[in-house]
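Common to both upcoming complexes is subunit A, partnered first by subunit B, then by subunit C.
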Partner chain A sequence: MAPEDIKAKIESANATAVQRVLASKPHLVDVKPAIEVLPGMNKRSIFHAGPPIKWGSMCGPMKGAVVANIIFEGWASSWDGAVKLVEEGEVELSPNHDHEAVGPMAGVISPSLPVVVVKNEKFGNVNYGRVVEQKVQFGAFDEEAIQSLQFWKKVLAPALAKALGRLRSSGSIGIDLKSIMARALYMGDELHNRPSAGTALFALSILPSLIESGEDKERLSQIVKYFSGNEIFFLCLAMAACKATMNAAKDVEYSTLVTVMARNGVDFGIKVSGLGNQWFTGPAGMVKGLYFPGYGTQDANPDMGDSAITETTGVGAFALANSPAILSLVGGTAQDAFNYTKQMREITTTLNDTFLVPILDFEGTATGIDIRKVVKTGILPVIDTAIAHKDPGIGMIGAGIVNPPMEAFKSALRAFASKYKV
Partner chain B sequence: MAEGKKLFNVELKVINVGLDIFYDALQMQNVKAVDINWRPTPKLEKEIEDILDKLL
Partner chain C sequence: MAPEDIKAKIESANATAVQRVLASKPHLVDVKPAIEVLPGMNKRSIFHAGPPIKWGSMCGPMKGAVVANIIFEGWASSWDGAVKLVEEGEVELSPNHDHEAVGPMAGVISPSLPVVVVKNEKFGNVNYGRVVEQKVQFGAFDEEAIQSLQFWKKVLAPALAKALGRLRSSGSIGIDLKSIMARALYMGDELHNRPSAGTALFALSILPSLIESGEDKERLSQIVKYFSGNEIFFLCLAMAACKATMNAAKDVEYSTLVTVMARNGVDFGIKVSGLGNQWFTGPAGMVKGLYFPGYGTQDANPDMGDSAITETTGVGAFALANSPAILSLVGGTAQDAFNYTKQMREITTTLNDTFLVPILDFEGTATGIDIRKVVKTGILPVIDTAIAHKDPGIGMIGAGIVNPPMEAFKSALRAFASKYKV
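== the complex of A and B ==
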């Protein structure tokens, strides 16, 4: 094919793919145990964040999260027992993204763990998000950590499912997550490390149905307290909404748009619309940021989690200019935040028509990362993220800014040239 | 030499291209400056350059 022809095909394919991103309408429709909804999950599956990785190569916090979920499922009662099960091949490990799902940090999903169910009402695809808590996803596996999963299973998930069922029975298609995300961006969120306004807006959206569904008063009180004590709550909904949005853009022949960026704490992986389900990987980077007292870079695990799906969709650090408040957590200046948001335009396809940046005269966030532009300019996508301790069982020790490895984008570019015989 | 002297006897107006550390230093000295966000394009492997020429 002549160079001008293939360039035109790519531009057309990217326009199609990014239009699907912009037109997507993700709605929260249900909360279900993973085994009931995740494609390919069986009764001894454990799914995890990032690209594929074997047990022996996993980082400390991801091993901790796997062990925590095994104990949560009742397959073993101790670290040693859980490790024995995995080493004997009794547990099947697989990436969330290969099963239509995403999970924060270690992102580990086991069969009876609840997942949020998000339907893209425009294109019909359904995607899933692991619930957010502040223990297991950072690698903790003690009793308190297991209890945080039990609370989701026994209290939050059934109540939210009942409330959403009530909404659906009254003719609603669910809770419009894109609308909440757009409003939260006006309220100081960037929707990755700061989903605080999103959590408040979601709580206000679901509360009437929670109350009307006849939820027990004591449970209702526990749930409201959970919302107010866990500002990060909305992250699982934002991530699932972003996954449902980006999945609508996958498998567009000739498209060079990135549809997935995800990390397992060892490798960083991307997927590209025109290249099917293939992962392209490079080493996960060290996050540059601020540490909690008593911790430093020597304690940090490399970059981890499926939460970079937010940046892939055009929020997260791509919307950092909206969220100066987050700089107290991740470090940097307001000017840095402004610069990141503007610089991402150089490697993307369009400006978002819904996720807007007031300080940039209400122009949209940069949306639709193009592997060609990343490699050509040398500008890597920017991600703001939490930092987990490198050892299992300790947890979050800070937050900061990180980039993917260029190697992943170059590998994808080579694969594109090979597939399309350039 | 004379021209150089003349330059520093009038108000400086600086356009900084690239590293913003120079812009920041000028700002701290109350010198009028604008900063152009620019970086040289990266040096790429020949094979990657050839692919990009065909795709972008």
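== the complex of A and C ==
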């Protein structure tokens, strides 16, 4: 094929892929134990964030999170017991993204952990998200950490499932997450590190059904207080909504659009629409940001989590100009936030038609990362993220800004050239 | 006194007054029928927005609102009956601000209408606010308009009163409105035309107590849906909180700080800390903004409402840079929003230490309008506001930006010079 023909074919494929991104309509439809819904999960599976990685190569906080979930499942009761089980090959480790799912930070999902079920009402694909909490996902595995998973499993998830069941039985297609996300972007959220408005709007959306489903008043009051006190909650819904959005843009032949960016704390991996399920990786970067008192860069684990699916979809740090309040958490100035949001236009395919930036006179966020543009301009996607301590059992120590490794984009582009004989 | 001495005295008085503004801690403590709490209200009183005005001089929408409240109270059942009652002198009309209260747009408060009770926990003063709705306050007086007052009186107000009673009995000092306002300013609100985040945060704050107070589930669900569907709700709480804040800065001898800006749809009035309860007025301006389809400037009533108490306190249009999303309602560009927020520093006393502007790298909003600076610079305070149709019975037709008349500030400054022999 002549170079101009191949270029036209790529442009057309990217237009198709990004149009599917824009047209997606992710709705929260259910909350179910992972084992019941995640494709390929068996009763001794543990899925994790980022590209594939063996136990021996995992970073400290991801090991801690795997151990926490083993204790949560009751397969072992201590670090040593859990590690023994894994080392004996009794636990199957596999990336969330290879099973239609996403999880924050370590992102670890075990069979009995309930996941949010998000259906893309436009294209029919269904994807799954792990709850966000402040302990296990950062590598803590003590009693208190396990309790945060128990609250989700025993209190919040069943209540949400009941409320969503009530909505379904009244003919509803669930909670419209895209609408909440669009509104939250007008309310100071960038939907990755700051989903505060999303949490409040989601709470008010689900509460009538939760109330009508007959939840008792102590439980109801506890749940409302949970939403008030855990502003990060909506991140798991935003992530699952973004996953359901980007999966609709998968497998468009000739498309150079990035459909996944994810990190396991050691490697950063991407997937590309026209390149099937293959991961292209490079080393996960160190996050530049602000640390909690008593911690510093020497304590930090490299970049980790599936949460960069938000940036892949055009929110997160791509919408940082909407969320200047987050700068007190991740560092930087308001001007930096503008600059990031504008600079991302140079490596993307279009401006979003739903996710808008009022302070940029209502222009859309940059959407649809194109591996060609990243390699050509040398501009890397920007991601805002939390920082985990590098050792298991400690937790979150800060937050900041990070980039993927250029290597992942270059090797994807080489694979593209080889597959399509460019 | 020598000019430099008087200047020092004024500066010191303004520092005292604005320090009281910054130190104020308004809490929502109760919701009660106006007649039970408003000083000077008798059983045939109707209080209204802005400076004093006689029935014959009132604008169309304020007349409509007075008639609506007369019908709501059952004193008459029609426009003609209500007008007859007023013209026979059977109804006492008086400004909200002269009775420790504020109300949006026409702002009309009648005896049985419940008002929110806000206590300034720092200084002890108690102030009152009228509920925000989309009908009566814009001059509608039909069945549907009256119903919106009935919902407040019969459903929402009693439920809130019960929840607040429960909080009081558990030793709480009520709902901390300043904290909600500060958080809402990080979430795209300017707290005058856009209090959306405030409404969501307030709803989540009061709901646990509302649930625990044993409200039945149909009622609870209805109330949650009301908060979701009426994002403007929090304006009444923001206004009452601002009134309780500014009243703490009243009556500081030698202070040139503005403590009230309010409009009755005909006149714009201000009060000044060092000048007691006297109103200084000029003609209310026409609002420049965006109209709903089918309406234009020829239909608009001049500026109306006590809601400019928000700008008086350093929020509303003074915080417009926090709320670019509101520009789709009031018109203008993001740059205008920055400009207004910065320009107000030239006529104010300090930057707020609690109400911050993240996009201006977390600097505070301009707080404490000084009549001297307004007159000297020729810069008028900026106010963002809704627009009512000039005829009674129609309602809201748009929103935009307006300024007070310079005349009010000049006559206040003259009175100041005369009182203090400057």
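Note that in this section the second predicted complex is superposed on the first by the 422 of 422 C-alpha atoms of A that agree within 3 Å, B and C clash if a C-alpha of one lies under 4 Å from a C-alpha of the other, contacts with A are read in each partner's own complex, and residues count from 1 in each chain.
The rule is short, and it goes like this: a residue touches a chain if its C-beta (ideal position, glycine included) is under 8 Å from a C-beta of that chain, and two chains touch if they have at least 3 such contacts.
Small disclaimer: the values here were computed from a predicted structure and weren't measured.
Q: Counting touched residues of subunit A, say whether subunit B or subunit C comes out ahead.
A: The partner with more contacted residues on subunit A is C.
Q: What is the contact status of A:Leu290 with respect to subunit B (first) and subunit C (second): first, second, both, or neither?
A: In the superposition, A:Leu290 touches no partner, neither subunit B nor subunit C.
Q: Contacts for A:Ala334 in the overlay, against subunit B (first) and subunit C (second): which applies, first, second, both or neither?
A: second
Q: Looking at A:Thr256, would you say it contacts subunit B, subunit C, both, or neither? Reply first, second, both or neither.
A: In the superposed model, A:Thr256 contacts subunit B only, not subunit C.
Q: Applying the touch criterion given at the start, work out whether A:Val83 contacts subunit B, subunit C, both or neither, answering first, second, both or neither.
A: neither
Q: Mind working out whether A:Val375 is in touch with subunit B, subunit C, both or neither, as first, second, both or neither?
A: first
Q: In the superposed arrangement, does A:Phe362 touch subunit B (first), subunit C (second), both or neither?
A: second
Q: Where on subunit A do the contacts with subunit B and the contacts with subunit C coincide?
A: none
Q: Which residues of subunit A touch subunit B once you look at their complex with the stated criterion?
A: Spelled out, the residues of subunit A in touch with subunit B are 3, 6-7, 10, 256, 339, 343, 372-373, 375-378, 410, 413-414, 416-417, 422.
Q: Under the stated contact criterion, what part of subunit C meets subunit A in this complex?
A: 186-189, 196-197, 200-201, 203-205, 207-208, 211-212, 214, 217-218, 220-221, 224-225, 227-228, 324-325, 327-328, 333-334, 337, 358-362
Q: Taking the complex as given, what residues does subunit B use to touch subunit A?
A: 37, 39, 41-42, 44, 47-48, 51-56
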